[in-house]
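Take a look at the structures listed below.
Look at the two complexes coming up: chain A is in both, with chain B in one and chain C in the other.
Presenting the complex of A and B:
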């Protein structure tokens, strides 16, 4: 089980609990603004882009090569960027804070 | 912040795929307090379409399609989902829709997210051919999977070398089928990409063992001993256990047309996705909309467009000033290649899509 905090572009803070699946699926299921997940979670559309709170990067890890390639198209991407369809929910992710990218 | 009465009416959407479903949930985020009622002729809980030509075909497990949202999610957001129901007509004056069984539903705002259907080419004998499938719905995926019947060495002919046809070719090759793509033009993806891209994909498919043949105009199909013989105008013949039709789509404009809305290569909408009737919006594949980046009216067949327009419509319905101004792009996954495509509109778009 992991508690994950999303901060949206409206500065809303949404805390959700998940046990399985991806962070994108959790966000979409709970209608978190700015996380669309259009491709269904196969790292093809970059509509689930989040910025990980720097100190939480240890828990999430860096973006993979395939994510980095996708994020190249996004001007807002930085070294804390992840596509959250690639973040599997596990106890490891408990307490992570993610800011939804614009 | 909002005029509350304004956000308390009944919003009805016809079509519950990426556009309609995203509209419903965006309406709740934007503060719509009234009823939200969705209708779709498809009986399945609304599902992701992009994986249909990709992972849904290659997945070895007997999985059904993946829902966009769980059934509970609609309940939690008080979104009424009416599936397997066709809408017969729209009465703009009385602000109501009439369902196929004759019952009616009134609305304050109506959203047409009615999409498109696969184009069926005029080919002699097509109606009597065996195992012919387009790819648009979960039922189509199911049909293709069933006709493979766990026997990977089936012969598949894909008619049409566009993105859908090529993605299906790659997926079916991956599960072991013998795949031939027949493209009428001199190169694949001719309508939508530059020759360099066509060459790239042609080589990619060749390297993976798919026969991609161009300049092949299919004229008739004969059935001989339960196998299809696909005949081209140059007299060449290709045998097929399964035929996939991927030659494009026709926009579902009939409902809108009968209701008297302006139609122009799709349902014409303004920058806030409003149709020529101020209480009716339209979003997704079926719209002919203005794109400020190109200063042109265009029609796009993409999930990105469906979802972005859904958000614009929801905000506009809730009384916000919004303009749809997304830069259109697509993605395609074939074999291990992930492709992002920005489109440019040097082509005259209506021509490009009516050819």
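Presenting the complex of A and C:
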């Protein structure tokens, strides 16, 4: 079980709990604003972009090459960016804070 | 070769040069073939522009048959973003439960009708009908309107004799003018009325702008959806095991749809007009010439996709550009994805196998390349699933 905090562009804080699947699926299921997950999680649409709280990067790990290539062309991306369809929910993600990208 | 196979004609040129050349009505196009170049170029709207003369970024060019600007498609950022933001919520409606239910009911009924017939021509008697009926949901107009759209045939701008048919385009334009006038007199809950009531930067959209958006909605989602649906049927006729997999693991359907969009690439390419002398992958490109973002080639780039010429139904990482990329990614993608997801799910639940009797391939002539994009006709039979 992992507790994950989302901060939306309206500054709403949404705390969700999940046990399996991807963080994107959890967010879409609970209508977290700004996370659309259009492609269903295959890394082709970048509509699930989040900024990981810097101290939580250790838990999420860095973006993969395919993800980085995608984010490279996103003007709002930074070194804390991840596509959350690529974050699998597990106990290790417990407590992470993600800010939904604009 | 299997009937459902769509070969990759770009491989050699993609590896050796990265570009292809196409003459299109004396306005030549340099086709960008590599995934990385296609994405970078799509993102760089300042040099590779969409806001050229209406019709010029389309290949084959529509400048001789169309004066109207398609919106937001033929506008560059930052203004593009204002129009896009305006229509985005409307084009996300396919995610609503009620929309999905209506779409499911439509497709279910069509599959049911189709199973009763011994030979069905998939393009005219299945894909076109499916696409037209589904479009009534996107427009939020009565279902009966689809009968008129079906009567126009498969191509909005094209006919059997000519790749670009001005008479056909006029039928569509006159129809849209009539619908806009009706919506002005008697506003309803449809796309026309929503657009007519909308403002960008404090100004109401003009009739011309409303028309530009409506034309895009008709043109962008016709051949593309028909190709995607028809290719999916051809694929499933040779891959009964995929139907079984969708039945047993419906969660694979999302990934299967993305993979089909990658493999089929229903829209081969889209152009941009170059604003200044520049270069792409070491090839010089002159100002006021055209490049194309060749989605179909990028989607077979082995630098990105393992086994690019195979449909891997549960491909996990799939950064395809079948719906384009960046600012101008496909506005109708949510609708298209929902159609494909519902179609695969409905076929899996009801159809045990699909037989193909005969077919004729639709080959696009891109000068240096000949690309199969779908079929001119495909005669088939859906066999009911016996439990």
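Simple rule for what comes next: the second predicted complex is superposed on the first by the 102 of 102 C-alpha atoms of A that agree within 3 Å, B and C clash if a C-alpha of one lies under 4 Å from a C-alpha of the other, contacts with A are read in each partner's own complex, and residues count from 1 in each chain.
To be clear about the criterion, a contact is a pair of C-beta atoms (placed from the backbone, for glycine too) under 8 Å apart; a residue touches a chain by one contact, two chains touch by 3 or more.
Note that the coordinates shown come from a computational prediction; the quantities given were computed from them, not determined experimentally.
Of the two partners chain B and chain C, more chain A residues are in touch with B. In the superposed model, A:31 makes contact with chain B only, not with chain C. Of the two partner chains placed by the overlay, chain B and chain C both lie in contact with A:39. Contact with both chain B and chain C is seen for A:73 once the two complexes are overlaid on the shared chain. When both complexes are overlaid on chain A, the residue A:18 reaches neither chain B nor chain C. Counting contacts as defined above, chain A residues 36, 38-40, 42-45, 66, 69-70, 73 meet chain B in one complex and chain C in the other.
On the chain A side of its complex with chain C, the touching residues are 36, 38-45, 64, 66, 69-70, 73. Interface residues of chain C facing chain A in the complex, by the touch rule stated above, are 36, 39-40, 43, 92, 254-255, 257-258, 262, 304, 315-323, 325-326, 329, 333-334, 337. Against chain A, the residues of chain B that register as touching in their complex are 18, 22, 25, 28-29, 48, 50-51, 54-55, 66, 68-70, 73, 77, 303-304, 307, 329, 331, 333, 338, 340.
Looking at the complex, you find that chain A touches chain B at residues 28-31, 33, 36, 38-40, 42-45, 47, 66, 69-70, 73.
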